[in-house]
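As structure tokens, here come the structures.
Each of the two complexes below includes chain A, the first together with chain B, the second together with chain C.
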Partner chain A sequence: MGRTWSSMEDFEAFLDDGGMVEVDDDMPDEYRTAVFRFIELHANSELMGGLTERDWIPMTPGLRHKMAVLAKTQDEIGHGHLLYMVAADLGVKTRREMLEDLFAGRSRFHNVFHYPARTWGDQVAICLLVDGAAVPSQKAVYKDCSYGPYKRILKRIIAEEGFHLRLGEERVLRIAEGTDAQRAMFQQSIDDWWWPALRLFGPDSRPDDRLARWRLKSEKNEVMRAGWVQKFVPMLHSYGFAIPDPGLTHDAETDTWTCGPIDWEPLKRTMAMDGPDTARRIAEASAAWENTRWVRDALDAAPAGAVA
Partner chain B sequence: MTSMTPGTAEFLLAFADDEHLMGQQHTEWIGIAPFLEEDMAFASIAQDELSHAALLYAIVADNGQGSPPDDRAIDTLAFDRSAADYRSAQIVEVACTGWAHALVRHWLYDTAEELRWSLVDGSSLEPLKDAAAHAAREERFHVRHADGLIDVLAHTPDSADRLADAVNALLPLATGLFEPVAGEAEAIEAGVTSAPFDTMLPEWTNRVRARFPEIDIEAIAAPAYASRTRRHGDFAALMSRMNEVRGIDPTAVW
Partner chain C sequence: MHTYEVFLKKDGQEEYRHAGSIDAPDDELALLLARENYLRRAEGDLLWMVDRAHLLIGDRDFVAPNSDKPHRDNDGRLVAAHRKSQREAQ
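Now for the complex of A and B:
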């Protein structure tokens, strides 16, 4: 056992001094649970994101392009793998329990993965807009993260997500310079994915947010959201695409774009596991998990040293 | 630079088509394999096979001119030929929807591929020669991966039965890998490969027998050969999916 703290005040003073919590520390239960839930949500989201992408691998246009998409999907599932191990070390649930909960619809994943990717344009929009939201969110967690194992894993995840984002930018550029059919497809994808991606940041942060208090978050949701709008509105406009936000405004003096009123009802529905594609996604993932249960059972039953 | 003969091109296309479709089939398991490590292992193996395919298609597209072809030239060979023009073996065309079948195919294929790559390690085609040792090593790693899982699964009656069923179903198709493609003789004549691939069939069969000793290999009849010109019933659906986006607008660059 590592360090102990006599009270929550004592622990929070440690955090205020910039302290880093490690897995063998006797951390307060509230902190342990909060960190676990946060990492479990992240792990589930990486995995469900990977499942979104995997569906489009066979249809990826081009052999080398397919290898890039395959590598990206492998990264996302690899992130899930790393995060599940970090989360499991906290001793709240095992990795298998987390996966069983996910596939039974008992645990959450990010709102954007409750939507169907209907076209190739959707796949590219996810690579741009969703990864474009994930990177600043993860950077904001990494920046001052108080839980050491998570911070160290995030460093690698952020580096890889940066590559994904560049892949998304390249693909959008090719579509933007492409044919009418490509541009029409991608405009529809922007229309469908703009708001879900924007809502990924969540509602404005509460002043009493415990995750901020415990240095799991270092930036307010509304600040990150504004940065995302400021990045993607000019980029997509410059390619001649429209933003599906009639309330979008531009301050010419500061050259700042601000989004219109945000409808949070769709986010609430996804948090209640009732998004547009939630049921199908859970059912598919669950069926795949059941189809291969015999393999896990056989591995569990195999004697130690069965591998030659 | 001299152009390659049509026979050599056909020989290389058969090799490339096998690697391409095998890589494609492995990608189908990413995210739905039995556990996360297997998701990633199948992704890595698929990457290797697709990169072998890209290299082989590039050699054909280059046609001995020594200038690396662009992605479009590679994709034309990989995706735009008619079904009758593919030279893949049926083992890479069949859809394996159960994981026992996917694992057994992975073992059968990679065991054969290690032998196939060893035949071209002195190839007169420089890029093929340069890639051969590396590719053979990758295939060996793939076999080792499959072996590790088969070793463990063989301990449980239910999983051992599933593997046996898969071997019985897939072995006839896998022997089709060794089926000579028209043009192999020209490729040997040109020094592109050192011997007919089916000279490796006895060695492969020995390895299969050692791996699956309970299977009566002789009792499993191989299908009649047709120089890799007959497509499996699953091929059309596979190609249709692979060309779904490309078909939206044939002039588009994605």
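Now for the complex of A and C:
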């Protein structure tokens, strides 16, 4: 058996010493549940993102980018797969229970996957701004993550998200070199996706955040958000695109960009499963699950070890 | 359905390393799913998989007695101190 701790104080002292929790450890229930919910949210988001990515495979312009979207889709679905394995090992829900909860609208996924991607410009904006928010968020979890199995899988995921982000940066370069109509399409996508992507970091971190206390997070939301603004404002400006934030300010002395007031109402609506595209996305994911039932049935029916 | 543990090794590197786990109904699909989930970008040249039910596990209590055997090591301190004093005497 794994390790046991006599109390939460004892367990937190272990974490404070840099201790890493493993799956067979007798971790406190509150920690187990919090880690499970965090990984389940991540897994759900990878799957929902991957499904939208898949929608765009036929419509992606050019063979090279079409192949890249195929690879990216496989990555996102693969990330979901690995994360569901890690989450299921915590023993709170099985993978099938997690998927059924997701498709029934009973469990959450990140806010950015509650919006419709209407144009190729939207896909470019997502690949830049959303993947550009996901990478620092995941790095901040990986950096000091106290749950070993999640930390090890995150290492793999972060490397692949890095490919996606570089793909996004290349797509922006290409669309910036495009026609006026293509540039106008992308400006509309920035206008639509800037704020949802910015809200992905969430409101300012609370000082009593248990996820920080238990070393699931090692950076404050507001610090990551500020870094994201500082990175993408100059990048988009350099291509001649505008940022849809009238409150955006620039400190010339420190060359620092700061965003204006943030409206959190849209985030609350997505967390209440009431975003602009929530119902359609869940219905689509659920239909994909139903359409592949025959595969699962065939796998379940295969005699164990038949091929071995 | 079986849960398999996945181990990868790169050519020129010493050890197989645990990469993660995968669910599959049989060995053939286990290998295929592991390749598609863990080896998309040449993360290894060789692949080992074992059904989790067949893992032989030595737990912490079993392993622990060997973590406190200082007599199995020698830090060379006594000889180093002797050499140092010899050098200083010259």
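Basically, the second predicted complex is superposed on the first by the 296 of 308 C-alpha atoms of A that agree within 3 Å, B and C clash if a C-alpha of one lies under 4 Å from a C-alpha of the other, contacts with A are read in each partner's own complex, and residues count from 1 in each chain.
Note that a contact is a pair of C-beta atoms (placed from the backbone, for glycine too) under 8 Å apart; a residue touches a chain by one contact, two chains touch by 3 or more.
Since we're looking at a predicted model, the values are computed, not measured.
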{"item": "Between chain B and chain C, more extensive residue contact with chain A", "value": "B"}
{"item": "First (chain B), second (chain C), both or neither touched by A:D89", "value": "second"}
{"item": "Which of chain B and chain C A:G132 touches, first, second, both or neither", "value": "neither"}
{"item": "Contacts of A:R152 with chain B and chain C, given as first, second, both or neither", "value": "second"}
{"item": "Partner chain(s) touched by A:P266 [first = chain B, second = chain C, both, neither]", "value": "neither"}
{"item": "Chain B versus chain C as contact partner of A:I175, first or second or both or neither", "value": "first"}
{"item": "Contacts of A:R3 with chain B and chain C, given as first, second, both or neither", "value": "second"}
{"item": "First, second, both or neither for A:L63, with chain B first and chain C second", "value": "first"}
{"item": "Footprint overlap on chain A, comparing chain B with chain C", "value": "71, 74, 78, 81, 299, 302, 306-308"}
{"item": "Residue ranges of chain C touching chain A (in the complex, touch as defined)", "value": "1-3, 18-29, 36-38, 40-41, 43, 59-61"}
{"item": "Parts of chain A lying in touch with chain B, wherever the complex brings them together", "value": "47, 50-51, 54, 57-67, 70-71, 73-74, 77-78, 80-81, 84, 120, 171, 174-175, 178-179, 181-182, 185, 285, 288, 291-299, 301-303, 306-308"}
{"item": "Touching residues on chain B, where the partner in the complex is chain A", "value": "20, 24, 27-28, 30-37, 39-40, 43-44, 46-47, 50-51, 53-54, 57, 71, 74-75, 78-79, 98-99, 147-148, 151-153, 155-156, 158-159, 162, 238, 241-242, 244-246, 248-249, 251-254"}
{"item": "Touching residues (chain side chain A, partner chain C) in the complex", "value": "1-3, 24, 71, 74-75, 78, 81-82, 85-86, 89, 95, 149, 152-153, 156, 160, 299-300, 302, 304-308"}
